[in-house]
Amino acid sequence: MDNVHKQVLEVKNLSANFYTSRGLIRAADNINFNVGQSECLAIIGESGAGKSVTALSLLRLVPHPGRIEEGEINLEGRDLLQLNPKEMRRVRGEDLALVFQDSLSTFNPVRTIGSHICETITAHRKLSSAEARDMARCKLAEMGLPAERSFRSFPFQLSGGMRQRAALAMAMSLHPRVLIADEATTSLDVTLQAQILHYLKKHLQECCMSLLFITHDLAAAAAVADRVAVMYAGRIVESGPVREVFRQPLHPYTSALLRSHPSFCPGRLEPINGSPPDLADLSPGCAFSPRCLKGREICRNKVPSLQELWPEQQAACHFHQARKNDLREAAVT
Amino acid sequence: MTFLRGERLAKSYIISRGWWQKEEIQAVHDVSLDLDLDIEAGKNVGLVGESGSGKSTLVRLLSRLERPSRGCLHYRGKEISTLPEKQLTSFRRQVQIIFQDAAASLNPRHPAEKILAEPLRNYFPAFSRKERRDKIDQVLQQVGLSPEDRKRYPHEFSGGQQRRLAIARAVIVNPFLVICDEATSGLDVSLQGQLLNLFLDLGEKFGVHYLLVSHDLPAVRYLCQRVVVMYAGRIVEDLPANRLDASLHPYTRALLKSEPRLEGSFSPQFLPGEPPDSSAYPAGCPFHPRCPERIEICAREQPFLKEISARHRAACHLAGKQ
Amino acid sequence: MQVMLKYLIRRLLTLVPVLLGVTFITFILMDLAPGDPAEILLTRRDIEVTPENLQLAREALGVDGPLPLRYANWLLDVLQGNLGTSFTTGEPVSAEILGRLPATAELAAGGLLVMFLLAFPLGTVAALLRGTVGDHIGRLTALVGASIPSFYLGLLLITYIAVPMEGIPVMGKDEGLISLLLPSVTLGFGLAATYARLLRANLLEVLQLDYIRSARSRGLREAVIIGRHAFRNALIPVVTLLGITMGHLLGGTVVVERIFAWPGVGRLAVEAIFDRNYPVIQGYVLLMGLAFVCMNLVIDLSYRLLDPRVRMEEGEGKVS
Amino acid sequence: MTGRLLRDHLSLTGLVIIILIFAVTMAAPVLAPHDPLPVELSERLRSADDQYPLGTDPLGRCLYSRLLYGGRITLQYSLSVLAIILLIGIPTGLLAGYLGGMVDGLLMRVADVVLAFPNLILALVVTGFLGPGLINVMIALAVVSWVQYARVVRGMVLSLKQKEFVLAARSAGTGPLGIIWHHLVPNVLPPVVVMATLNLGGLVLSIATLSFLGLGAQPPVPEWGAMINEARNYMVSTPMLMLLPGTAIALTVLGFNLLGDGLRDVLDPQGFTRPRQQSAGSSKPSPRLFSRRGSQ
Amino acid sequence: MLSRSFFKIVFLLTVLLLLSVTVGCEPAEDPLEDLEEDLEEETAEEPAEKTEQILTIGVGRDFYYGSEDRTYLHGSTNVWEGLVYLDENLEPESWLAEDISLSQDEKTWIFQLREGVVFHDGAAFNAEAAKANIIRLRKHPQTADNYKYMEEVRATGTHTLEIELKKPLPAFPVLISYFPSAMFSPEVIETGGTELAAPVGTGPYKFADYSQDRIYLEANPDYWKGEPNIDQVVFHHIPDEGTRVAALRAGEVDALADVGIILPEQVPELEGIPEINLLTQEVLTSIYMFFQTENAPVDNPAVRRGISKLLDREELVNSLLDGYGEPARAVISPLAEYWIDDQESRYDYDPEEGSRLLDENLEENEKITILVNSSWAARWPLSSIAQYLQTELDKLGVESEIKSLEMGAYNEELGKGDFHVSFCPWTGQDPDDFFSSWLLSGSGFNQSRGVNFSSEEADELIQEAVQEMDREERRKIYFQLQDLAEEKAPLVPVYHDLTVYATRDYVKDFQMDFNFRPDLFPAYLE
């Protein structure tokens, strides 16, 4: 993997906890990753794995009753967790933008698409409303939307695909450094998903933007990402270049995921048994151990740490760490 | 004999706008579809289409939950589209349906036991209480739940378990055909995999055939031998799943191309524009505004589904001409 | 705008059967009233009941002939603004009611104003302080407020506020705006409680919606988020409730007017009911029915102004 | 479900208030030291003592006894009205919603017309025509209120009818009656219970209001609203006469409101009984981050 | 932001309400508003300059009767005057007639009218005008009875009016005193009919306007006694007794003056307030308990007497009325002392006797319906009395039911005759007034209140009494009639009213007479 990517966003030891009536929930536990310029990092995982909380943590928008415990979020050298609320507000939308899954609820139903984009622009830039409007129309057109009509439309008047593109236009209206797409293509039909993926990729290259692509759709991640991080029960269990990870998964969870998906599994599927763990009631060891076919004694007692097992490919698994040397050898030969 | 055959089925909804103004919305146009359901023709049939393509309406027509506005529905050679509910007992038992939203398809006020007993009581009134109970226990186990779950209410199950319960209700009466309306869409990968395998297993164990309605091509390909593609309320292509690569309709090909893949650099050749709204389907070939291969005739004339080769039908002016 | 106009026309047309129903009920009330209205009229006026007098009175009241004919006649009269004459004063009912209508309208407006002045700050503050002691106290206050019968509240206000305090009138509407104070409070208080609760719940619900999160993620100021995005959307269901409230409000005026000797139609109606002054009751019911229907129409229209989804549905937008 | 209700302090308070008021008023014949009706002029306006726990009213009747019996009457009549309303409203709504067509059209027209009048006003007028008296108040309130239930139930049925579980039941071979009885009724009832609880408070208020206006309870019947009306001239000299029944009404209504509010959260999460926007719902509940799962 | 949405809503609502106001047709011009504005302006501006004095009087009933009524407005408004009034001894007193005399044949009454009196519209008051009034009153259904013995009315001089009767009638001046001889300008009298176009009288105050429960009166500068002190008088109808008193306490009305205007139970509330003068006045009003004499079991006089015996009038007056009243000992008001015989009391409390009478004459399971007029109950404690009676009946095991109805409904119920007992206030002038209203077969109140009492003996005696020229003889006949009333008891008196009324302390020389008519002429504000 070439190292041309200048790191734009570096996340270190980020933890976000929820204090609920059912106890402490570690929704994001010691998360580390970085995203380079023009790079796309996909975070994949099943629902409840902590992907969305991680995304919201980056913007410091973890909903009540959650809060960020510790860590560092470096955006081009600034630690976002050290900023005061006003500075943080300037960062949101301007440097870090977010696109949600459900574009219908992203927009306030009683305001036009245009007014949403304009208010985003004027919240950060000192522009006259006419200038803001022009800018907004321009952005909509860039997304292949009929600018004037979509500008004046209410969210419910646009079809799902158009709306998602409008949401994308809104997020990109200020040329953010990093775009976080939280399940942005999930509920769309394949052809529409292809459209969105197309626009995302296009902007990635044209605007020197970084993309944090959060999804549970392995195929979409595979299609768009340069690198991928797999989350399970609030932790990153594996990360690495997308092809390596999908071809040769190191963590049993990753490989099980792939074997559950008809696109990646040629024969009969071998889905993971059981269901994702209850975050409020995690076993002390590896969270995947109860479902893991390779689970051992140590897996149930000790949390494995993320270690580089392969060039640029890391995994948190006792089993593989034990076989680390074997792997290295395999690589050499 | 064809198990179920729809002939020129059409469904339109009347939208009332006050008491003098009505508007008719066509959800399904002149759809002819036969479900032979043998190994050769396709034991399991996949119905693929994007949202708004009319597949859900077609499902409701085929399962006679709604009456078609036009056209006939033949069940084992017998026209049933106008039969009263009372004479549909055999059909109802043979054709079961699993909905996308499992939680909504389970009465929140009934425990699992009661949910499963309901079809048994209706279709097998001769069963004794004990027989019924045994049957319920057995099916619960077969779908991966335990007999202890009998007393639990739907909201006490996880999403995956709710789906299993819905499946159990469908298969408990030994149906011939189970229609799965988006039954695996929007689920986590592992759960989706589990359910797909469960379908396969039950298919073998009970001799159940499936009509899998989905927008998820990989899942359809995994489970089905035959794929029917819908667009704008019409069937545009109908072909064996293993011949998908040889599909002739540009829409089917676009669908296949839109699918993100790991292999090869992904540069989706995405379709321009939006799927048409059911209130205003374009004239001519409904796909022509988005079609990369459209020719002059496409805007004028609507192509009909024609036999290209054995078990392969397509509705495209270009199909079979190359 | 044309969509709006079309909608308005359509709504007005659908009102026709409702209004026919309303008038029919009103008419039937009079017709089914126990006793012979002609005889009642005579006894009311201390006039001897003789067959000749009865016949004269009957003709004057138009109470002979078969029912549909009488209804048609009555409806014609009503359309011309003729609601008959009051048994007690002998004045035309329409004049009597219209003369008192402004007072009732003032009262209702005052009640609404009080309601909003109380409900908005309360509801908003409670929502923003969610979960704190202040919120619980607010919720309890609101519930208690909604539970106090308005007649009781009115009496309490008279005894403990109006009488001891100089300058706050006990009754009537002679002192200008200040006279409106206590009746409005009595009328608006209970409703304010309901609205504060509703507004709080709506704000809380809206505040946790995705588009609020989206607005935050775009770096908008909190004031803009609450004002522009949360508040307006939280108001939409409030407007829906207004229709029901109008009923409570109109009903409430009856009680409040009686307690505060407010010279409005409500009091006139109660007196008429007690007096079996049927023409006045009939006029009142008709008027209230009309007013209520019209108000609901206006509320509907304003609802459409607030919520483009409803506005567009029939016109340009898609069909759900 | 009950657990959740009991955890909420306010609903619990409501429940306790209601139970207490029910218990106390139903036990009135045991608890009341005096007959609430006979006039004893020599005992008039006595202040509280051993014989009269709360003193006497202007006609020398024990205020405490009258309060107890008054509550009994209020509750009895409110419940009776509610029973009538439910017995008429629910079946009508179910049938209209399920059958549609003529029945539905007719119901909706009737509802439109009845609902074109403010509730209290219509009740007032109907009572006016029937003549004063509690029974007539009861009839008037029932006439006026059943429509709302029918309409709400109809609306619920219309929405439930499209729900997958009803379609599934058809597919499971259940006939119309079975669907109404097994699938619609159990799902319609909980929100109706909420509505009824909240409505009970409203009925208590309506009965008291009509009695206060002189249309309801006739003397010497000790109804709370009528008692306030009788006590008005003693507002300054003997305020207790008015304050006690007033507080009693407020407390009862509060109890029902608290309980109904709590029940709504438990029994009616879809919010059928809450006024909200019509078709296009912006308030699609956002997915909870951590929903409770059953263990597997 | 908050406020913008908020004001939008408020604006919408305002529009909505305005709309509701303008629904139908435009509200008629409101002369009252101008007047009110005038009043407000003038009171508000420079209080030092004593411009206009306004007296607002709270009353418990509407004094505005309208054009079809005999007098259009109640006499208490001081707008009109009659020919004759009564003095404290209930003897005829001159009013618009300076002098009343009787012709030789005792059949013609000669009224010498006051000179220099003009109606509010400027028309002169003279014999012709009076004649026109008498002709109208005779035709008017409400007063026809008072003139039933009249043969002819003649204007014999400019100010001499002669009324010829069919037979001698010593009580005629009394019979037509106050209301039945009300004089209105000939201009407003409908020719040949009975309606009045407007209440244009001769009194110290002129009618200005009626609106929203208020009668607005202006001083009549041309009043024959001189110009009244107070410039404007407003009669404000406040039906609710609590509101009335509250309004007086808050100073919104300057006086409460009418019969029964303040209930005895409200007196403690007003006592001890230095700004309020509490006054009492013995009035001609008495409270009666009457029976539907055709309905079993009260068709039996013994039952009626029995029920009457159950009422402890002494206790009732002392406790329920706090002493504001006089326990009745005769059917006639004690003000008419002369006509009452010296018997101690005809209506004393005797529960044993009552119980015996009821025991003997009442069958099992007979239910007594007690009707209460709740409009009156806002001025007299009729409902309490009814409940008291109910308790007393209950003690004897007699079941009863109270029906409380307002005026209109009450009258309907009386007409239907579906009741046994009811209570009413009644104000009489002279004994004949009482007997011929209540005991004469088919006569006024006897019929309209549903008593339906009929007795030939009574009829004869009443006829006889009214024609008896000898005062002493006449008195004896009335004693006989009182015996008969006691014996038959179609109605029994409960108590005689002692009305409590009140003014703010700055209202001076304001007094109500036994007819509860306040004399507004001398009154002034300090």
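By letter and in written order, the chains are A, B, C, D and E; residue numbering begins at 1 in each of them.
Following the convention adopted for this analysis, a residue touches a chain if its C-beta (ideal position, glycine included) is under 8 Å from a C-beta of that chain, and two chains touch if they have at least 3 such contacts.
Since this is a predicted model, take the numbers as computed values, not measurements.
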| item | value |
| --- | --- |
| Any chain that touches chain E and chain D | C |
| Pair joined by the larger number of C-beta contacts - A-C, A-B | A-B |
| Rounded Å distance, chain B centre to chain C centre (Cα mean) | 52 |
| For chain C paired with chain D, centre-to-centre distance based on mean C-alpha positions, whole Å | 21 |
| Inter-centroid spacing, chain E versus chain C (mean Cα positions, whole Å) | 38 |
| Inter-chain centre distance, chain B versus chain E - centres from mean C-alpha coordinates, in Å | 87 |
| Multi-chain contact sites of chain C, meaning residues that touch two or more partners | 34, 155, 158, 163, 208-210, 224, 228, 232-233, 236, 258, 274, 276, 307, 309, 318 |
| Chain B: positions in contact with at least two other chains | 158, 160, 277 |
| Multi-partner residues of chain D (each touching 2 or more other chains) | 131, 214, 232, 235-236, 280, 282, 286, 293, 296 |
| Touching residues on chain E, where the partner in the complex is chain D | 241-242, 245, 263, 265-266, 268-269, 312, 315-316, 319-320, 372, 374, 383-384, 386-388, 390-392, 394-395, 402-406, 409 |
| Chain A-facing residues of chain B, complex | 50-51, 158, 160, 186, 188-194, 196-197, 200, 215, 217-219, 221-222, 254-255, 257-262, 266-272, 274-275, 277 |
| Chain D residues within the chain E interface of the complex | 37-42, 44, 58-59, 131-132, 214, 218-220, 230, 232-237 |
| Complex contact set, residues of chain E against chain C | 1-2, 4-6, 9-10, 12-21, 23-25, 27-28, 30, 36, 40, 62, 64-68, 141-142, 211-213, 236, 238-240, 242-243, 246-247, 249-250, 252, 374-375, 405-409, 411-412, 415-416, 448 |
| List of chain C residues in touch with chain E within their complex | 34-35, 39-40, 43-48, 81, 87-91, 94-95, 98-103, 105, 108-109, 112-113, 116, 120, 124, 155, 158, 162-163, 168-172, 174-176, 223-224, 226-228, 231-232, 235, 239, 242, 258-261, 263, 271, 274-277, 287, 290-291, 294-295, 298-299, 302 |
